[in-house]
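Dropping a structure here in structure tokens format, bear with me for questions.
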Amino acid sequence: MATEPSCLPLLEVQHLSASIQGKRVLEDLSFACFPHQIMAIVGIEGAGKTTLLKALGGLQRPVAGRIFLGGESVEAMPAWEMVRKGVVYVPEGMRVFPGMSVLENLGVGAYLVRGQLKAGLERVCQIFPELKERLGAQAGILSGGQQRMVTLGRGLMSAPRLLMLDEPFMGLSPKLVQRFCNSFRELRQGGVTLLISGQLMQRVLNVAEKAYILEKGRITLSGTGPHLLKDPHLQEIILPL
Amino acid sequence: MRFPKPLPAAAGVLLLVLWPLIFPDAAHIQQVLGITCLYATLALAWNLYALTGAISLGHAAFFGLGAYASALLNHYYHWSPLLTIPLGALAAVVFAVFWAMGFRRLRGVYLGLASLAALEIPKTIVDNWDRFTYGSMGIMGLDRLPSATLGGLQVDLGMDLQAQYYLLLGIMLLAVLLNLKSIRSRWGWTLRAIRENETAAAALGIASNRERAKALLLSSYLAGLAGALYAHILGLVEPGLVFNLHLSVLPLVFCIFGGSTKVWGPVLGAFILYPLEQLCLLPLFPMGHSAVYGLVIILTIFFFPQGIAAWLPRAPKSA
Amino acid sequence: MWVGTPIIFSGLALGSFYALMALGFSLILSVARVFNLAHGEMILLSGYLAFVLWQFFQAPFFWLLPICSLALLALTLPLHYLLRRLPEPYGLNSLMVTLGLALLLQSLLLAWFSADYRLMRLDWPAVAIPGLDFSFLSFQGLLIILALAVTAGVHLVLQRTFLGKALRATIQDREAAQVAGINVNQMGLVAFGLGGLLIGLAGPLFAQNMYLYPAAGTEATMIAIVVTIFAGLGRTRNILLGGWLLGLTQSVAVFTMGSKWRELVSAALLLLLLYFRPEGLSLKKER
Amino acid sequence: MQRIRSRPGPRARLTVWLLAALLCWANQPLSAAQEIRLGEIDPLSGPLAKHGQEIHQGILYAVEEANARGGVAGHPVKLLSRDDQSKPDVAVNQAQDLIFRGKVAGLVGGYVDSLVGPISQQAARHRVPYVASASLQQAFTGNKNPFFFRVSCLEGIVQPLCQFLSQTLKTKRVALLHAATPGATEFSDLVQADLHRRDIATVLQEKFRPGWPDFSVFLLKVPAARAETLISGGFYGDNLILVRQLRQRPLGLKAFIAPWGVAYQSFIDEVGQAGEGLFGACAWSPGITQPGTEKESQELVAGFRKKFGKDPNTTTMHGYTSARALLAALETVLQEGAKPTGEAVSRALAKLDLNLPMERLAFDAHGDPRHYQQVIVQIQKQRLVVVYPPERATGQVDFSLAAR
Amino acid sequence: MAAQGPQVCLEVRQIKKYFGDQTVLRDVSFSLPAGEILGLIGPNGAGKSTLFNIISGWQKADAGSVFFFGQEITSWTPKDLSRAGLARTFQVPQIFPEMSAWENVLMGAWLPPQSRPSFSKAQEEADHWLSLVGLLELRHTPARDLPLAQQRLVELAQVLATRPRLLLLDEIAAGFSLGAVKRLAAGLAKLRDQGLTLLLTDHLFNLLEEVADRVLALDRGEIIVQGPPAALIHHPDVVSAYLGTRCGAADNGEA
């Protein structure tokens, strides 16, 4: 597992700060994301993980700092421009379009890459076979877990270069988590970089090339996933068992 | 939770009470501000229901029913308006009962639109029940507000505009008090809970439909009262006038303009917009007044999106 | 001739007219979340434009439709930019701004075109259906055909194209639509644009089916609101069905009960509909 | 936990000052010149704006005509116009404003009875004469109000209409359609009662809300009821639609007659061929005038056209006539050297007897016009032809044109 | 120990529920003695939330009945159930977004019609419950500005303030750190000792493992196994339906 590849970073964050309603949530963050890696951001609720991912995804304007995507400065870009550039954020929770069918929900994910609709659908159905039989159903009447699958699947449909998942496992049964984790390797081989944030992510950390711990808006620890997993500090704040 | 009375409100009330004594001859201003109080009462009535989160477009129905019931009682039984006005307003409450039953399941935009349609029902019935209500002809020559003797003081409510102004101001202040009580009490917090999240309210054991209905009944009575007063101040009723959609929109405009769900919002909205139009725009621009009126509304919304009341110093909120 | 034939036909033509009045309103309401109270005044503006073109340039009727559509498109797009600057609470504030706009437009129309009633006097030949002993005005036929065509067009755009999916996604969850790569501001613009085209189309039809005077906008807005409730928000296909239901109900009510019960019957029908199927017409809770 | 603000913030103080300033401004009298002021209240905007504006133009023309002749007994006349927005409370507010701040010598104008009523009560309360331009209902003049006068009344329409129906048209079965407004409803009831006395059956009587776009289903019921004549108590706009839809299929009607809306040149222009043969009623029209006022009428049309760029019509003339009445009464009082108080002007109004183009104007004890009588006209070759009463007829009824 | 003794708090008999032609629950029956903490696990779409909704009155069962302290409550409305002392939390927290965290809890203590405490008493209680969930320092923050996990805690404090006899917790610990889960578990155990009966679902087995006396495993609308949590986690049916391979458990914090 290479820790610091020699190629150029896909996404580089320099001195990023962000606020929500005047309250500073992220404080001077700097890190880089390299292609074909799995990257993990670990932190407890309220540490600023969602804000960070939203800032990277163009949903939130940072108050200071720069974000570079392949060398281009993107911190002022709206979300749809980021998606066009291949940076896709998958929000936490169940964010389906309730009045549209599952198929249409997934179709909207492929809004900018209409040519790859079929291939994307196949990939999603492979990861979530449950969805395959419910493609025609209204997304709003699905169970919570199924809506979560649709939300994740929609992110996959956008043919991302960098896929940012916010708490991807919340509300999923362990079996599904496992299946989902397995697909990560596959995705990475397909050329996707993954940025996964959450708090209970042993499985992710096991395979993450790079991982950060976020505490109160600051990065307090970084290293490879397995390395971090053994770190006593992580054990202390996140896994105090 | 003790809420200290904000000083500006007290100053404003004092101004409204005292100015006729400073300008005793300004009959036309007394006339206009009297009607302003009447419409402010209607807006406060609307606001009472809006506290439950409902945007009604049917309050003209309450207004019209109050007006017609009082007018019919006065016309057929020749009772004094002092009696028919409070009784007539009960007709609005009867309609509110049907409303509460029929619209139990409706929320948001759909409640608004349904109430808009509900306005047609009393309107068309009154309009077509020729033998009883005189139909489209309306009823003319209703008794004016009578004179009343208050501690040896003869007050002619019908002819003396100053007395009439004080009567309407008093009723408006009563409506303000009712709003105040409905916002800052246990019941007020119940309404707020229903407005913010009905599921959570039900989970706390709140019977949201019943509380909503209570607010509606109070609201309808006030609106009916305003309508009944209107009928006797003008001396006539006519379906097209008292069941007018404009009377449904007016409280909405006053409340949003002034700041909705705030006690003084509707009053402020009424006291800015109505006198502005009646005393300034209509005399200055006989033809183009509504253009200026429209511009005032547009600009205000851009500069005070939360309504004018948000601009005033806020009552410090207890925590 | 069966007495019902002309009644049904009148109801359908009237309903088509209602639907054409309501389409733009419904679209702007559901996508851009703007309760456009200036809808009727905008239709009137388009109608007056058609009237002027017809009166002074002898423009043929079928040219008026596209010209007015494009003209109103040019009006609604700036309106979208204006409304986008509105702060929260967006729903109520945009309602108030469009109310102000309605008052403003009404005054302008009064100043420009005077309070006189205007009418485009065009000859619409009667069409007889052979073997049925029934004839109707070709304009009524045009209304029905146009309503069908426009509804089908809008329906296809919304249901079958990616743009339509994006529009519907925006209606349902703005943030989720953004992260799917949809430019939600553009969607508002598209809705206003489409709405503008539809409003513009309604103008000459209004001028032809009724008559123009500056205060007629309120009536047109009311029609649009009522049909929109009948149909349920965000359901374009239902707009035509709602319009037809309303038109037919009114026609039958006038024939069987008399003109004076027309409003009551349609209001009662509407309330029954809302009473029994509120969930079918449910809208996302707005804040 | 509680912060109490001890004094009002600067914004609150500013608001209070602004309100106080507004009150002071609004309380100022408008001015104190030697001119005589007339106040006018009309629906200048909203659904009734067409007629309100027409009345306004008539009144304005009368006032400027008086000023051009050197004013009323040497005093210039100023007209203060107000919009009542078709709402009675607004009408009352504006009447108050005109009386108190405008210090007007008299009020004119007013369309629709629900607005004329409250204005007339203000007039009585503050002792200001009021000459209403277009008021129809009979209810008002019942209780005596010495300050209220009007230049038109329903009787002056119903009488000639019913006589025409029975004497000239000789119809036996009529259908009555009217707008759901007080005036039109009363018209409909009076016509029905009057026709009943003349043995004419009203086989269909319906009302509708103004602004309805589709009469075709109602029209299906007309032949079913075997009505010979259709009387429309709708207004201008309603008749525009009704007349077009009338032509869609044959109804077997002998005649269509509408007291309002038809007898206008603009109506004839708008509906074109569809208007041929229709009957209407009017009190005046260019070319149709009170005997003996032909010259005055012609001058008026020419002057009006010069000023407003269009022809006056019967509504305009109602405004003109009411203003003329008030001006004449003022002149009488001023020439006698008396002060133009409300009582004096009202007394002068009560004694007035003028021959104006629209009517010979004299008021009875109720303030109603004694001689107001409309004529029945038929549209023939895009022109209005008077067909009733016989002494004023300018042509014959064309029955073939009327039948549809 | 529980004031009610070994009385049966909740009894569910033969509940059936269909959505269209899909069966969500088929003949679910179980009983919950007062003072016990019962856990409910199952894969996504197993019908956990539906079962909760039926017990708490938000959905109607197609067949079967529910008893609460011996009283049939099958067709009761949520508000009646709340008044009777059956409270619940939701997957998506149902709180009052514009009110502060403290005001939210105050609503729970003050508004319920069954208790009608004085205002000062309610204030004290709000303080008490808010500090119990550890949000005292965030008391003035508007609830909508709180992160989801803290909104859940606000909701928990709010329903606790209504003093329920039975509390249904729907994935209350989602998004909690393990430390927070531990604290929550300790708090729940204490509440149980004060007489509260609890029914809770959780995806991450850790909370159930900490507090549950007994766990039901639900799959495709049926109870497949029940027993103490430690036994269930190794049960082959549960593993195959829900947990996946054993290493899935490692993901749940069994480091």
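As written, the chains take the letters A, B, C, D and E, and residue 1 is the first residue of each chain.
Just so we're on the same page, a contact is a pair of C-beta atoms (placed from the backbone, for glycine too) under 8 Å apart; a residue touches a chain by one contact, two chains touch by 3 or more.
This is a predicted model, so every value here is computed, not measured.
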### Query
If you walk touching chains, what's the least steps from chain A to chain B?
2
## Note on the structure
Touching chain B and chain C alike are D
### Task
Compute the centre of every chain as the mean of its C-alpha atoms, then state which one is farthest from the centre of chain B.
A
### Task
Average the CA atoms of each chain to get its centre, and name the chain whose centre is farthest from that of chain E.
D
### Query
CA centre of chain A versus CA centre of chain D: separation in Å?
74
## Note on the structure
Per the C-alpha centroid definition, the whole-Å distance linking chain A and chain E comes out as 29
### Summary
Chain centres from averaged Cα atoms put chain C and chain E apart, in whole Å, by 49
#### Entry: CA centroid of chain B to CA centroid of chain D, Å
33
### Query
For chain C, which residues are shared contacts with two or more other chains?
106-107, 110, 260, 263
### Multi-partner residues of chain A (at least 2 other chains)
none
### Query
Do you know which chain D residues sit against two or more other chains?
45, 180, 207
### Message
Can you give me every chain pair that touches, using the contact definition above?
### Response
A-C, A-E, B-C, B-D, B-E, C-D
### Summary
In the complex, the residues of chain B that touch chain E are 1, 186, 189-190, 192-193, 196-197, 199-208, 319
### Query
Which of the residues in chain E come into contact with chain A in the complex?
19, 42-45, 49, 91-92, 145, 147-150, 171, 174-180, 182, 203-205, 241-245, 247-253, 255
### Query
Hey, which residues of chain C end up touching chain D in the complex?
3, 6-7, 10-11, 13-14, 17, 106-107, 110, 114-119, 121, 126, 135-137, 209-211, 213-216, 218-219, 250-251, 254-255, 258-260, 262-263
## Note on the structure
Per the touch rule above, chain A residues touching chain C in the complex are 57-59, 78-80, 83-84, 88-91, 95-100, 104, 107-109, 111-112, 114, 151, 154-155, 158
### Query
Where on chain B is chain D touching in the complex?
2, 4, 6-8, 11-12, 15, 19, 23, 25-29, 31-32, 35, 127, 135-138, 140-141, 159, 230, 233-236, 238-241, 244, 246, 271, 275-276, 278-280, 282-283, 286-287, 289-290, 311-313, 316, 318-319
